[in-house]
Structures are given as C-alpha cells and as structure tokens.
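Take this structure, written in structure tokens, and hold onto it; I'll ask about it next.
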Amino acid sequence: MSALSSSRPKMIDISQKPTIYREAVAYGRIKLKKTTIDLIRRGEIEKGDPLSVAAIAGIQAAKLTPQLLPMCHPIEITSVDVKCFIEDDEHVACRARVKAIARTGVEMEALTAVSVALLNVWDMVKKIEKDDRGLYPETLIEKIIVENKIKAETPLGS
Amino acid sequence: MSALSSSRPKMIDISQKPTIYREAVAYGRIKLKKTTIDLIRRGEIEKGDPLSVAAIAGIQAAKLTPQLLPMCHPIEITSVDVKCFIEDDEHVACRARVKAIARTGVEMEALTAVSVALLNVWDMVKKIEKDDRGLYPETLIEKIIVENKIKAETPLGS
Amino acid sequence: MSALSSSRPKMIDISQKPTIYREAVAYGRIKLKKTTIDLIRRGEIEKGDPLSVAAIAGIQAAKLTPQLLPMCHPIEITSVDVKCFIEDDEHVACRARVKAIARTGVEMEALTAVSVALLNVWDMVKKIEKDDRGLYPETLIEKIIVENKIKAETPLGS
Amino acid sequence: MSALSSSRPKMIDISQKPTIYREAVAYGRIKLKKTTIDLIRRGEIEKGDPLSVAAIAGIQAAKLTPQLLPMCHPIEITSVDVKCFIEDDEHVACRARVKAIARTGVEMEALTAVSVALLNVWDMVKKIEKDDRGLYPETLIEKIIVENKIKAETPLGS
Amino acid sequence: MSALSSSRPKMIDISQKPTIYREAVAYGRIKLKKTTIDLIRRGEIEKGDPLSVAAIAGIQAAKLTPQLLPMCHPIEITSVDVKCFIEDDEHVACRARVKAIARTGVEMEALTAVSVALLNVWDMVKKIEKDDRGLYPETLIEKIIVENKIKAETPLGS
Amino acid sequence: MSALSSSRPKMIDISQKPTIYREAVAYGRIKLKKTTIDLIRRGEIEKGDPLSVAAIAGIQAAKLTPQLLPMCHPIEITSVDVKCFIEDDEHVACRARVKAIARTGVEMEALTAVSVALLNVWDMVKKIEKDDRGLYPETLIEKIIVENKIKAETPLGS
C-alpha cells in the first residue's frame, strides 16, 4: 500500500531550499581499439575530430538534462566545461565540470554531459570500431562516476 | 593539412543507401548499494519506481538521438523496447532494443536509450546513494555495449 | 505477476505494418467569458490574436507529439491544418486535421494539436479571464474528441 | 487600426515584477469505457500502466511549457507533482501542482501538465477504446480547469 | 600548442558575474520581390500572414537560443518583443528586443530571434519568390546587426 | 474576407507529392574585424575554434528546422554538410548542403543551417568584436541566399 503510493513518480520539491553555489565534476571513459586511438591522435577520423564534437555535444546535453531526466529541475547553469582526451592507448576519457547558482545540485548535469560526450565519441569512430558483422566487440563505455561536488555560499574562483 | 581538412565535422551522406530493416540491442548497468537495490525491490524509493521511470526516459531518449548526437541522422524509429531490471544484489541493468526501416543502423539510438535510462536510475536513487558529503563513492555506470545488430530485407517477427 | 510484467511501459512495434495514407481530425473547445469572446472578435486582446497564435502553436505541437507522448512513434507528417474559431458567444473551438503516409495513425497528433492550441487560447486571454484572486472560475477546456479518421492506400484530395 | 496593431503577438514584459513564490493546481479528466477502467485497475493494459506513464509525461510537459506556448516565459520550476487516478467507473482524472519562485504565475504550466498527462492516458489505452472503424465514440477529455493559485512572499510547506 | 589547447570549445564561466538587468535589440531584413511585398500588404499570401508567423517563431527562437548556440547559457528571459514589418517596396525587416535579469547579455537571443523570424518570412513566401527552376535569384537575408544593448542595476520602464 | 481567410496560417499539404531526391545549397557570411579573423586563423579564440563549433551547430540546426519554422514539414535528412571558412580578411562565410529523399525541398533546412552557423561564429568571437559599450559596430550577418537546388528521381553521387 505505502509501496504503491510511494511508487508514484515525483519531482522533489526544492521550493524551500536556498539558492547557493553548486559545482559537480563527473568522469567516464570509452574503450576503443588501439588503431582508433591512433587515428584520433593523428586527426584522421573521417567524420571529424571526435574529441571536439563530443565536448560540444556534452555541453549541449548538460543543458538538456531536465528534458532527459523527468525528475530533474530546470536550472540556470552558469558554466559547463567538458574535456575529452586520450587517456591511454585504449581509452578516450571525458571529464565534465558543471556550475550553477541553484536550489539543487548539478551532478546529474555533469553525468549527462559525460554520458552524451562518450556516446558521441562512439558515433564518430563507429566505422573503424565495427567488425565485419557491424558489431563492436571491443567498444565499451565504463566508469561513469561523480568525482567531486561543491556547495558554497559564494562561487569559487575558476 | 589533410588531417586538418579531414577534421571538419561531417554527417555521413546516406542518400544512396537502401532503406532496409534495422535492429540493434544495447546493454549497460549501474552499480548501486545493496540497500538501494533492496528498496527498489520493495517499491520503497521515495521518488517512485526507478525501473519504470528509467524505461520511459530511455524510450524518449532514443527518439532524441539526432538532437544529442550531432552527426546522427533523423530516422523513423518503429519500435523502442527498454527493459530495466535488477540484475543482482548490486546492479540494475538496462537493455534497449530499437527497430527501424531506415538507411542507417540504430545502434546509437539503442546506446542512447540505455545511457539515459541508467542516468535516470541514478537520479531516482540519488538521495540514498549519497554519502555525508553528497558524493557517490559506490555508484558507477558501466559496461555500456552493443549486444546485437540485425540488417534484413524485411522486418523480423518480434 | 502477469499484471506486473504487462505494466512495463512499451512502445508498440509497428515495423511490420504497411506504410499507408493516414488522416485524423480532432476537435475541442474552451469556454470563455462573453466579454473575452467580444474582445477577440474586435481584435483587441493585448497579447495579440489568440486564434492565430493558437493555430501556429497547435501546428508545432503536432510535430512535437513523439516528444510529449513517450509511447508515440516519430512520423513524417505531411500536413497539419489547425483552425481556431469563435463557435458561439462563450466558446472558442479548435479543429485539427493531420495527414501522414505512415505505419501508424495520426489521431494522437491531431489531439495534441487541439490540446496545445486551446492552452494557447487560454494563455492569450489570461489577463481578462482572471478574477480578483487570479483564478479562472469560468474558464474550462472541454470536449476534446477524435471526430474522424481515414486509412487509405493513396492520399485523398485535400 | 488599433485592433491591427494590438494584434501583433507579444510576450508580456515581466522584467519589473517581483520574484515571489508561486503555486498553481490544475485538474482535468478523460472519459473512458468501463472495461478500460477495469483493465487499468487490474494492471492489464498492454502498453504499461497509463497512470504512471501519464504522470511522468505530465511532469516533462510542465517543463516544456515555454516551448509549447509561444507567449510563456521560461521559469525555474521548483516542483511539479502530477497525480493521475481512477476517479470513478468511467473517468481517469489528473491533478497537477506546480511551484516556482518566479516573476509570473505557473497556471499555464499546471494546465499543460494536466493536458499532456490526459493525452498520454488516451494514447496508452487507444487499442481498447477504439471501435471497429478505429474511432473513439466514447473517449473524451474534459473539465480542464485551474483549481487553485497561490502567491506568497515565501514558499509554503508542502 | 597553446593554439591547440585554446581551441577546446568552452562556455564562459559566468558564476561570479552579478545578476543585473540586460536588454538587447537586434535588427535584420529580407529582400523580396515587389510583387511579394504587395501580396503581404494585401494579406493574400496563401500560407498565412508572414509577419505574424515570423514574429511568433522569432519569440520562440529566442527561448531556444541555448539549444541552438552550444556556448550560450540558459537564462530566464523576461520579455521578447519581435516586430516584423514592411520596410519599403523590397524589404521586410525585423527588430527584436529581448530583456532578462541575468548574469550575461542577451544580444545572442535577440540576434537569434531576428534570424529565425526572417527565415520564417522566407518560408511563408517561398512559393512566389521561386523562379521556374525552384531557385530564389532575388531573395536575400541581410544586415543582421545588434542595434542596442543596455545593462542596468534595475529594469527600465518598457 | 478572402484575405482574412487566406491569412489563417497553414502548412502546405504535401501528401500527394512524390518522394524524390532533394538537395539544396545555401550560403551566407559574417563581417568581422580583421583582428578577429587573424585570431581565428591562428587558433587563438578563447572559447574555441569558431569554425568547427559553427559547423556542428549548423548541422544540428538543420535537423531542428521543423521546430524553428512552424510551417515546415519534418523530413528525414540524409546528409548535412556545413562548411565554415575564412573568405577574406573581413569575412567568415558558411555554405551548407542538405540532402533528403522527401516530398518537399530542403532549402529551408540549408538556410537554417547557415543562419545558425553564422550566429555561432558571432557568439564565439563576441568578446573581441565588442566595443567599450558592449556593442558591435562592425559585426554584420549578410548575403544569406540559396545557391542551388536539385530535384532528381535518384540520389546523385556526392
């Protein structure tokens, strides 16, 4: 009974929470073939530079978070910084830092930025990651985590 | 020079590709605390049932793929099936199957559905996964992969 | 048990349905004060002509249907015609006709166009419908129905 | 002449209005067949539970209000609560409460949430509401009203 | 090296900027055939009045700016006023004024409103601007500029 | 009377038009300071490379055309190619080619891609184009035209 009533989906009411400075950093990575990493390094991916397309798409995704996550509140993000980089011979990693002066945290925005950025890396290198059957036996998105979160009365220096 | 020119981002031209039946299945999972999994099982998560919210948000995300992935083509998806389920005592998994009669594959749509569904699971259980500092030392999204892809002249039975 | 499994939200799989001509007509109306209807007639609503703003917003809403209705398929609408008109001294009505060559019907698109058009009529006349407490004791959206639906092998003359 | 000039569509300028606590409650309902209501009660609708899909879609629609209603301002909603419930043997009703700390009221957001939630109920039970010709002689959305509105200097307890 | 690192796309961090009153006015125009201008004047364009459709679409576009411009911040616009008018026998012009209480200026919102409004004028008169080959030898969008910008501690009278 | 009735905004009904290959090329440019052009050339714009951000945003805008232009039909674009380049010491130009197999032309999609790409160039160099009062005395978007259009039974080689 209470389980049933508790299972009605609802957005948390943040009307009474204070508007303070919020910051969150998320991280994640995608495993790619060594040959793919090499082509990215040399700037030879046919569809363009995966790292910059992914960063731009990640920034846009952070702003679309309330549309992608039904229970998320719309907030006025003041900064999104998405860095996609070659971590080692088999991984492209992505780190996103989101800031806002808001009534609720921005970790979901940072996680969304990372997730969508990594999906874009995959999309940009699809052709060379695919095997003969069109499958991706080696491609894998992993380790999507929240690395840090800050709450403060006033914004911190960037 | 050629690297530079090749790095101009571009959508692949699919004008000349045949319109055929496409199907793709993606999978991924999120690591949660045992106590969280237990609350999901008992239907006692305050914000509602994470599995059904995640499934619905995943279906919607599949349809938003061309907006989230700049180089993806808009396609008329004919089916999205997103199943979120408790895999074991520490994981909620998500499997998405996307179908279309289209000029290009639908693996990015399936991967997007899975990624956004898992982000929604995280969002729904945020409160109980957080530690005292508001961080998520145990929460992790991982193993996002393409499990299968089909191309065929005619749609297969579901 | 079967109830539970059946309750997992899912989009119907239309992969095997034929692509044929579809048409649907929806209707609905909003009850307004006589003085409001009079001001609309005289073109004296401060925010602009409610009938044309509502028609345009209704057309756009028809195209947003798959985003507003999670289980709806994206389809290439070939025509949306939204007519908002003064029905009598107390009602503005709206009729929307949507056409497509598609694997599924377009009644939800027509109903969405009507619903959003009527919401826009309300929004345009808010100021004069409100009472002293900011409430709307006389305003009411009602009778939203599907008036007609057509399926045919080939498009009919307009 | 003045009618013509007044008919240029415009958003009201709220720059000088104070940012205060706003709340609005809207209600509406959909008439369905008794057999449909019965299937919803037993959790046996093929596409999933209409009440929870509708609630989630209603919450998302509230956030899309400025996109659906051209003259509406974007606002940072702090809470959306959408409850869809079986009202009697022939009706599913929906009540939406929206809150914000904003320069303008949130009744259009609440009305949009209700309207879109009801459209989703229709969509979820389409198959069993249809007659042989694919029409819906008994289905009807009605009584969409604003039930309450609050303005206050500080947020009220929930 | 520094050029490369500087080329990583990023949104400016506005967390520490004060929230003040912002206003911006943009202008632009479209060159059309004299016969087209004449038909607009007489209200005889088949698709409807280009000036009001363009104004509405311009208002909506201002609100979509953060989605269209990846590096733009989401802001709570308090007013968008878009005026489309026949400037002379060969031009329809558009002027958009956008206001907000925000941490960053609103000139991109005003420019976006103007650009999208002018695209809509073009779309509305496409049929009569086209030559025999479907081309537009005389149609041209030009002179899109920022006419004015205001920053102030408190909102100015409208 | 006929003027009035003709002024009801409406989408053209394309249900009976054949689905054929469509292609359109649009062009436009933005006038910038010589010093800005120089910084773009040297890859030293603080917010990132304006040419690639603009190209990506232009591609996404092409796909958003039916949302930005109320009377435009949703179509399955098969290719968008947006090239932004330094045309001379004072101009960055943009050329967009859009392709589709569709019932209607794609010139509005190409024009939208160009317009939004140019807005993004402006946004990326805002800081260095501004004068002391925050105005842009030299910045100007101009010459937005349709350069070419093709209709054919079968897609042409790219």
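The letters A, B, C, D, E and F name the chains in turn, as written, and every chain counts its residues from 1.
Here is the rule we use: a contact is a pair of C-beta atoms (placed from the backbone, for glycine too) under 8 Å apart; a residue touches a chain by one contact, two chains touch by 3 or more.
In this text, all values refer to a predicted model and were calculated from it rather than measured experimentally.
Although subunit A and subunit F carry the same sequence, what matters here is overlap: shared residue numbers make up over half of all numbers found at their interface. Compared on C-beta pairs in contact, C-E and C-F come out with C-F as the pair having more.
The distance from the centre of subunit A to the centre of subunit E, with each centre set as the mean of the Cα atoms, comes to 31 Å. Between the CA-based centres of subunit E and subunit F the separation comes to 13 Å, rounded to the whole angstrom. Separation between the centroids of subunit D and subunit F, computed from CA atoms only, is 36 Å. Along subunit F, residues 7-12, 48-49, 52-53, 56-57, 60, 64, 67, 70-71, 74-76 each make contact with two or more other chains.
Pairwise, the chains that touch each other are A-B, A-D, A-E, A-F, B-C, B-D, B-F, C-D, C-E, C-F, D-E, E-F.
Within the complex formed with subunit F, the subunit A residues making contact are 48-49, 52-53, 56-57, 60.
Those residues of subunit A lying in contact with subunit E across their complex are 21, 52, 55-56, 59-60, 63-64, 74-83, 99-101, 155, 157-158. Per the touch definition, subunit C reaches subunit B in the complex via residues 7-16, 66-67, 70-71, 73-76, 102-103. By the touch rule above, subunit A contacts subunit B in their complex via residues 2-4, 6-12, 28, 42-49, 52-53, 56-57, 60-61, 64, 67-72, 105, 107-108, 111-112, 115-116, 118-120, 122-124, 126, 133-136, 139-146, 148-149, 151.
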